[in-house]
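To start, the structure itself, in structure tokens.
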Amino acid sequence: MSTLFILDIIGTFVFAVSGVAAAVERKFDLFGTIILAFVTAVGGGTLRDVLLGAKPVSWMNSDLHILVILCAIPVAFFFSKMLRKLRKTFLLFDTIGIGLFTILGIEKALSMGMSPIVSIMMGVVSAVFGGIIRDVLSNEVPFIFRKEIYAFACVSGAIIYLTLLQFNMAVDIAMIISVVVVIAIRLLAMRYAWSIPFVPYANRKK
Amino acid sequence: MSTLFILDIIGTFVFAVSGVAAAVERKFDLFGTIILAFVTAVGGGTLRDVLLGAKPVSWMNSDLHILVILCAIPVAFFFSKMLRKLRKTFLLFDTIGIGLFTILGIEKALSMGMSPIVSIMMGVVSAVFGGIIRDVLSNEVPFIFRKEIYAFACVSGAIIYLTLLQFNMAVDIAMIISVVVVIAIRLLAMRYAWSIPFVPYANRKK
Amino acid sequence: MSTLFILDIIGTFVFAVSGVAAAVERKFDLFGTIILAFVTAVGGGTLRDVLLGAKPVSWMNSDLHILVILCAIPVAFFFSKMLRKLRKTFLLFDTIGIGLFTILGIEKALSMGMSPIVSIMMGVVSAVFGGIIRDVLSNEVPFIFRKEIYAFACVSGAIIYLTLLQFNMAVDIAMIISVVVVIAIRLLAMRYAWSIPFVPYANRKK
């Protein structure tokens, strides 16, 4: 429980930082920036909770997530120059957040009696829909639909996590292993420019 | 009940196929394609369930819908060439899905104690919001807002369905009649290029 | 209660008018116009209710809101020419709606046991997300993210409202004062072209 809680706070913080960076890039004003920070940080978990019927959505049960996000905004600015130059570091944070949220989403869905397949979906939804909603609100095609393979990283981590639990591994250790796998796949994918294109029509034309 | 169930599965399948086609057209990668297949297939019903407060949303109660959608993806590719050439056949499938989902949405809303007007709205939401969310995620103005009259087909089918029930017609027969009406209106509309433009300002300018 | 109810109906009406105006500007057909009227009028409150877990969302408990919105559509057309020329009057209606919905959202969240911070957020969500969803469905960057300070007006009104309640002011009077504050800030902002830009990166570049 305690591990889940800490992961949740860290994931929320790094996603909020990522939302601020996106808002600045798109020249949003202060309000737009706050909204984008919130949507990126809690959008995936909110969609998961709404689909599961959790009432109210989890981050509204206390003020903690709100305060974490509000703190992330000035931090994002303080480190803005650094974030800009260190794009890879920024993507690392983003990747950690994705790994954490995948596991959190699975745990929540399992605890609400969902099947393993639905739980994997809820893990992926938690991890990627914050970014998807961020992109939709910014009037862009979600980045993840075109160039990213981190969804593949998410799904792999989710399946590994459920498999480890099946073999009675301790939850905390299974979590750490799965998050590390998600991060490793994503970083390797970025390093070697992996991608999973989907061009069967083009192929058939030849 | 059994009829409703079969309609639901067929509708889910044809909507997923329609989502795959849209994703391919937009050059999404595998993950984007899967998301678009899901969103198109279950987006309308999900929004309906979220608005009604069904917990969790209906397709998450079993793995069946997920499996139907995952099966629709390779099928959509297998028939991709055909789908491309037979655009009308494809629109026929889409239209069948719309008719089915309208009736399903009304039934669900009525069963949860909603008024006839709210139930008609929920029928239309079930039928059209999968496509609206698909278009929003693809960064496009929803097709249905500009050139389509299938919303009119939906609403007509919904009203006919409720009227037939009022006259104590058997649910199964009322359903079949209503779905056929929806399909007929849509096909006639496509054949004769019906549309309901809305240009009162332009008219007044003259 | 009665005051809240009347505010709700007025707010719904003016937001629906604003949705019709947006739809006409974007050349949507009749169905697109109806959807945009609904989304603008009840979108913010719907998101608030979904996040809070209200079941079903409040406007679906009766046909009243639906009828108000359906009435607003012809009215919006009847006054369309006037609305176009009197852009400021139109913005005034919009501002009234925003003030009303902010207070309604806070009240709903407080009544469901949310913290003051969460309640302020729910007030702002009620007030601004109708317009945000309207813009997203129209494939535009939400207006409020770039050029508007009415979010600031909302937040100010929300904080004043909660402060007045803290000092045991009667709910009705606190409401009226807060709504007037929201309207005053927005109108002053428009008059003097206030804005809260957010360009720290640009500043640092110098």
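Labels for the chains are A, B and C, by order of writing; each one numbers its residues from 1.
Going forward, contacts are C-beta pairs under 8 Å (C-beta built on N, C-alpha and C of every residue); 3 or more make two chains touch, one makes a residue touch a chain.
Every value quoted in this text rests on a predicted model; they were computed, and no experiment measured them.
Interchain contacts join each chain to each other chain, per the touch definition above.
Copies subunit A and subunit B of the same sequence differ in orientation by 120 degrees, per CA superposition (steps of 5). Centre-to-centre spacing of subunit A and subunit C amounts to 30 Å, using the average Cα coordinate of each chain. Among the residues of subunit A, those in touch with two or more other chains are 50, 53, 55, 136, 139. By the touch criterion given at the top, residues 23-24, 26-33, 35-36, 46, 50, 53-57, 60, 62-63, 66, 77, 80-81, 84, 136-139 of subunit B touch subunit A in their complex. By the touch criterion stated above, subunit A contacts subunit B in their complex at residues 50-53, 55, 112, 114-115, 117-118, 121, 132, 136, 139-142, 144-149, 151-152, 195-201, 204.
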